[in-house]
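Consider the two complexes below, in which chain A is the common component and chain B and chain C are the respective partners.
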Partner chain A sequence: MTGRLYPVIQTGAFILLALILCSLIFAAVGLSATETLRAILDGAFFRPNALSYILRWGLPLLITAVGVVISFRAGYFNIGAQGQFYLGAICAAFAAEWLRGSPAFVAVPACLLAGMAGGALWALWPALLRVKAGADEVITTMMGNFIAAQILVHVTSGPLKDPSGSGQQASSRPIEAAWRISDSSGSSLIIIAIAALVVLLGWWLVNRTSFGILSGLAGRNPVMVTWQGAKVQRIAISAFVLSGALAGLAGSVELMGPNGRLASGFLPDHGFTAILIALVAGMSVIAAAFIALFFGALTSSGLWLPVMTGLPSSAIDIINASIALFITAKAGVFRGLLIRLRR
Partner chain B sequence: MEDLIVAFLRSGTPLVYVTLAGVIAQRAGIWHLGLEGMMITGACATILGIVLAQSVLVGLVAGALFCCLLALLFWFVVEVLKANQIIAGLGLTGLGLGGTALTLTAIFGSEGAVSAPFGLPRLGAAFGAFGGLSILVAAMPVVVFACWLLLCRTRFGLRLAACGEHPFAARATGVNPVTVRLVALLLGGPLCALGGAELAAGSLQIFSVNMTAGRGFMSFAAVIFGAGHPLGATLASFFFALVGALGIRAQLTYGDRIPSSLLLALPYVATVIGLWISARMRGGNTAFSRELGQQ
Partner chain C sequence: MNPDHLLRGAGALAPALIADAVTVRYGDVTALSKVCARFEPGRIHAVLGQNGAGKTTFARVAAGLVPPAEGLVAVFGRQLAGGDVAEARRAGVELVHQSFALPPSFTVAEVLQFVGPISGLFTKRGIECHWQAWLDSLGLGLDAGARIRDLPIEMQQSAEIARAMVSEARLLILDEPTAVLSPEGTERLFARVRELKRKGVTVMLVLHKIREVLAIADTVTVLRGGELIAGPLEARDLTSEGLAELIIGDGAARLDAGDRAALVGAAVGQHDNHSLPDAPPALVLNGVSTAASSGGKGLNKVDLTIRAGEIVGIAGVEGNGQRELVAAIAGLDPLTAGEILLADRRMDRAPLAARRDAGLRVIPFERNVEGLSLSSPLWENWSAAQLVAGSLLAPVRPRALRSAAEKAFKAWDVRFNDAAQIAGSLSGGNAQKVILSREMDSGARLILAAQPTRGLDIGATMAVWKALRHARNNHAGILLVSSDLDELFDICDRIVVMVSGRAVAEFTSPWDLQAVGRAMTDAGKQIVEEATP
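The block that comes next holds the complex of A and B.
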């Protein structure tokens, strides 16, 4: 039991450390740390319809986070979830444009599949650069994020631009009302079902298939896996493509569900938050399901804060960043320090 | 042509300063993905120093101090708590981006842009077309040379490289890699602050949220592209700046035919291609994935 409990305690301790850092930063800019944190919690869990908001923000994050788990377990730092998410939304929007007029039972699955394909393709080129040329995937996927953001700007102000649209933010024409898988509140049975399916399949893939076992080993000891004759390159490419496809699925779910149209620069922190969820969950798909709902609550709180309390929404960014700073720290260090102190 | 060179120097100088900070960290064995967060902190502190204290010097010193504080935090997390460098670096970047946004809201009440009445001192009319450039542009070659001297021609530079390439060997000769890395990261603090200062106060005299727009990450790519050598990395960041300047020029000339947002993506595409070329030339590691902090 202690073996299972220990990582949880360790994670909790480092999140506490992250919160202390946040409080220091809030205090440094002149905000009351306790009041800010309480307001964030209020916005996350105790406002009217909190559960519906948590599901709206948490479920797409969960879908992307399962993908991140798959690629991180294989030992590949695919930090391009944001770009793959954008490309998924863009491809789904193009599919929706081409299929205009067709019935919903054809169009909705087609758009979701197009989103997955888009995300997978945006993960494929860093994967190929990684296994064929050895270009580091951390930088290529990150540059992919920036390129994807520019493609999104281009698409929403060019090919898919809504001619009747006005206002500052460029956006595409709205998705046909009959195709929306949720209203703009964003929590619907279809999205819950998609997320549940992703978690189930993700869990099965990671824990019950040879790909899952081998990729987990490849992440910890690639030399051994290579010597055992497993095709590490194939595992790498599959891991990248799967994680990209899931991020793309999340993008198309956001498009067909709560957003209803493609807007330039939407949800810029989605990918980073999904990476955090995967890390806090300790690379477990089941844990990610719960952690994603927590981060979904934080995200919804970030939108609530400026409206209801006048606190800046960047307070949430600070919390996320501090958690990122500490989450991969190893608590064994403390034990080492204690031993050294006793001497 | 002169316009192009001026535009090139303007976009290149911030990159070079931040790249040098990345090179020092890289040689000491730290992948510094927090450069973006330190750069924006430097930019914010410089503009706030000019606005609140009416002094460029106060801004620069404050920027350097805050960047050193971030560097210290990064060192503590990465070297003492043994956190994963990439994730912690992304966290540091998030802290810089979010922290500057929070600071703006706390001081001015909204996350907008802050413009300063004056910027860094300029070279002056004596330099003709280049007179509008800041003194940091002129100081850049000196700083690059000093970094090269420090890293490649001194005992300290050798020790630093030893800590990056073979920490056990360094330890065997009595050099503590953990301490050397602290020095390396702290040296990067003022460099990032100068890069941010040049970006915000060099020609624009304005600070806005997220204004670095990935330049820190581009600098990091330049470090990798330049194989961690100060001169190679400087050339790499010049290359990215040149692509950026050419992109802006193309936007002015062919803006009606080529969409501007795709031209804005050019430096990032160049970074990917540059990385690909350097990996091919040096024979990158194609087989093995990295060791991951699996919990």
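The block that comes next holds the complex of A and C.
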């Protein structure tokens, strides 16, 4: 059992170290370290309705992070979750526009599926460039993020623009009220069910299927899997597409749930936090689920801090960054990346 | 012991090398344990032993590259602290490693000019003239203007030796220099070594074949399991049988005479030919060619038939198409011409998974890269072949796979604690047994065994040979690639020699070492002549 607990303890220790580093930074800029930390933890875990805020931010993060874990495990550094998340929201918004008037039991699944398809497509082209032309997916998926952000600006101020919308904020028409899978508070049984399903299926895929075992082997040594006769290209494309589909699903959940409309600049940047979550979680889907909720709590705290305590919300960014620093220092993931770059 | 006493008499007559109770540890592993030896100057000293005996470690500690954990090393009366190349060079010792490290784009003259401190201005012709004269005086047979990457292996090794001699080394250490050479190349190397000896250089050769040791050495030192077993003994007093027992130890008597001789390179083994002319072919290659790659020239119209129940060896100096041959049969290198039949089915374009389905198994060249994923659990490594055969979405029961893997490992006598431990935690021999347990199942019809015993100790080598013979007796066809002719002679039924991607000659028992050696080199010359009319 100690063998299983060890990574948990290690990760906990890293987060603790990160918090200590943060307090030093807070102290250096003249804030009281203890008060700041307490405020952050209050905002994350102890304010009224803390659980519902954790779920609101944690569940979309969780869905995205499971996808990132799948691609990292297979040895592909899909850091385009943010772009795939945008494309998911965009495609779901198009679907919602086309399906106006249809009943919710048709429209909601259709929009969610459209979101998954959008995310999957946005992961497919870097995957094809990788396996057919050897283009490094770190570069292509990162570029994909920028392009996706511009597509979002374009559709919200062009094809999907709400004609009645006023002012500076370009956005789409609101989703039909009956289709919303949560109110703007952002947590609901449907979203919990979707997230639970993602964790279950993700865990099954990674631990109980041929794909899971072979992609794990390929992630560590693609040459060996090739000599075993595996179709490494097919594994790679599947991992990319699954990862993109889940990011896209998270995007459509944001759209159909808390956001209710597509607005440029107002979608959260779950994609980047999800990469951090996947790194902290190692290669485990279950760990990613718990850690996503933890980061969901931090995110909600970041929005609460400036309102309630006058502390800057960037305090949370500092925490995220320090955790990333400690985790990447030990992560074999990055060692693998370096080895591949050298080749 | 008092070092002053040991070092007394430093100067012209000081021993070339003194090792006094030298112990070297790598982490928890003791690679050398209390080794004492004294090598007199002006002679050729051989250090002999099996893989894992500590030969290379001894060479490195003697050359001052590795600091001893305990004990003392002195070269020509100067004690070496170890870990400092400059210090070792001043003392007059140089080591030529097993793997070569000269910059491929340099010419020989440039290498020699720029290994030491660089000063002044040079012209290309100037340094070439200067170093050509120097090379000729050493009798190394090198062209100073040739680029390293254009040189055959044997000449690259000469260039390494020349590089080592630039600093006027008085003790030259060669680590397994014959491992990459053909028999004739070995003879030429020995001629060069004798020439160096005539010029007053002391040479220490790390070898593992008794035949070679008896051909060249003045003294022999035998290591086993990191300990000094005997030596330095005067070579003229030694017999092949006596040395074999020193190298192998207590187990020597239990080994089959042919295997024992092959293990220590004592004499050319002879054995019965098991090939059955009527047996169905397990593999047929007709005029197979592949495209040249960065690593080599590719295959050139290779015809080869392997029948069920025979072991066919592929002999040749490394880099003559052996890797391309294995990759082509495995379906990882596309053919540019010709056809491949596995068990009478055309498989020219079939993916490896389909070929595995038809009974192909591969023990690849690079155990730790192509054979295993070192950072993955053992059971995943073991079950990969099975999983590949099914669909990607096929459900998997890890517990069942783990216990199946454990059962297979026990049957193959793999020393492991837990099927969940990572493959990288196993020794080379155990890692190879994991690969054997995966690749040599009852469904195997054609087994490609590429250098399956490289780097393995006696026990693991014997396990591999036993497994190959067992598979042969179960009517599998086996293709054995090895750069060790003794291994091929001991277990093959036929031997095909490869040169420059061609199958140039075929031999059957009784083996003729000279004839095989000639085929490895003469055919090469012929091909070069054809290419340059």
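In the analysis below, the second predicted complex is superposed on the first by the 327 of 343 C-alpha atoms of A that agree within 3 Å, B and C clash if a C-alpha of one lies under 4 Å from a C-alpha of the other, contacts with A are read in each partner's own complex, and residues count from 1 in each chain.
The rule we apply is simple: contacts are C-beta pairs under 8 Å (C-beta built on N, C-alpha and C of every residue); 3 or more make two chains touch, one makes a residue touch a chain.
Here the structure is a predicted model, which means the values were calculated and not measured.
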**OP:** Could you classify chain B and chain C on chain A, in the superposed arrangement, as clash or fit?
**Re:** fit
Original post:
Now for A:174: first (chain B), second (chain C), both, or neither, which partner does it touch?
Top reply: neither
Original post:
Looking at the overlay, does A:226 come into contact with chain B only (first), chain C only (second), both, or neither?
Top reply: both
Subject >> Dominant toucher of chain A (residue count), chain B or chain C >> reply: B
**OP:** Answer with first, second, both or neither: which of chain B and chain C does A:322 touch in the superposed model?
**Re:** first
Subject >> chain B, chain C and vertex chain A (Cα centres) - angle in steps of 10° >> reply: 70
**OP:** Could you look at A:211 and tell me whether it touches chain B, chain C, both or neither (first, second, both, neither)?
**Re:** second
Original post:
Touching A:234 in the superposition: chain B (first), chain C (second), both, neither?
Top reply: second
Original post:
Who does A:79 touch here: chain B (first), chain C (second), both, or neither?
Top reply: first
**OP:** Taking the superposition as given, tell me the minimum C-alpha spacing from chain B to chain C, whole angstrom.
**Re:** 8
Original post:
So which positions on chain A get touched by both chain B and chain C?
Top reply: 220, 223, 226, 332
Original post:
So in the complex, which bits of chain A are touching chain C?
Top reply: 207-214, 216-217, 220-221, 223-231, 234-235, 238, 332
Subject >> Parts of chain A lying in touch with chain B, wherever the complex brings them together >> reply: 7, 10-11, 21, 25-26, 29-31, 72-77, 79, 129-136, 138-140, 142-144, 146-147, 150-151, 153-154, 157-158, 218-220, 222-223, 226, 232-233, 236, 272, 275, 279, 282-283, 312, 314-315, 317-318, 320-330, 332-333
Original post:
Residues of chain C touching chain A in their complex?
Top reply: 330, 332, 351-353, 355-356, 362, 364, 366, 369-376, 380-381, 383-385, 387-398
Original post:
Residues of chain B touching chain A in their complex?
Top reply: 31, 33, 73, 77, 80-84, 86-88, 90-95, 97-99, 101-103, 105-107, 111, 214, 217, 220-221, 224, 259, 261-262, 264-265, 268-269, 271-272, 275-276, 278-280, 283-295
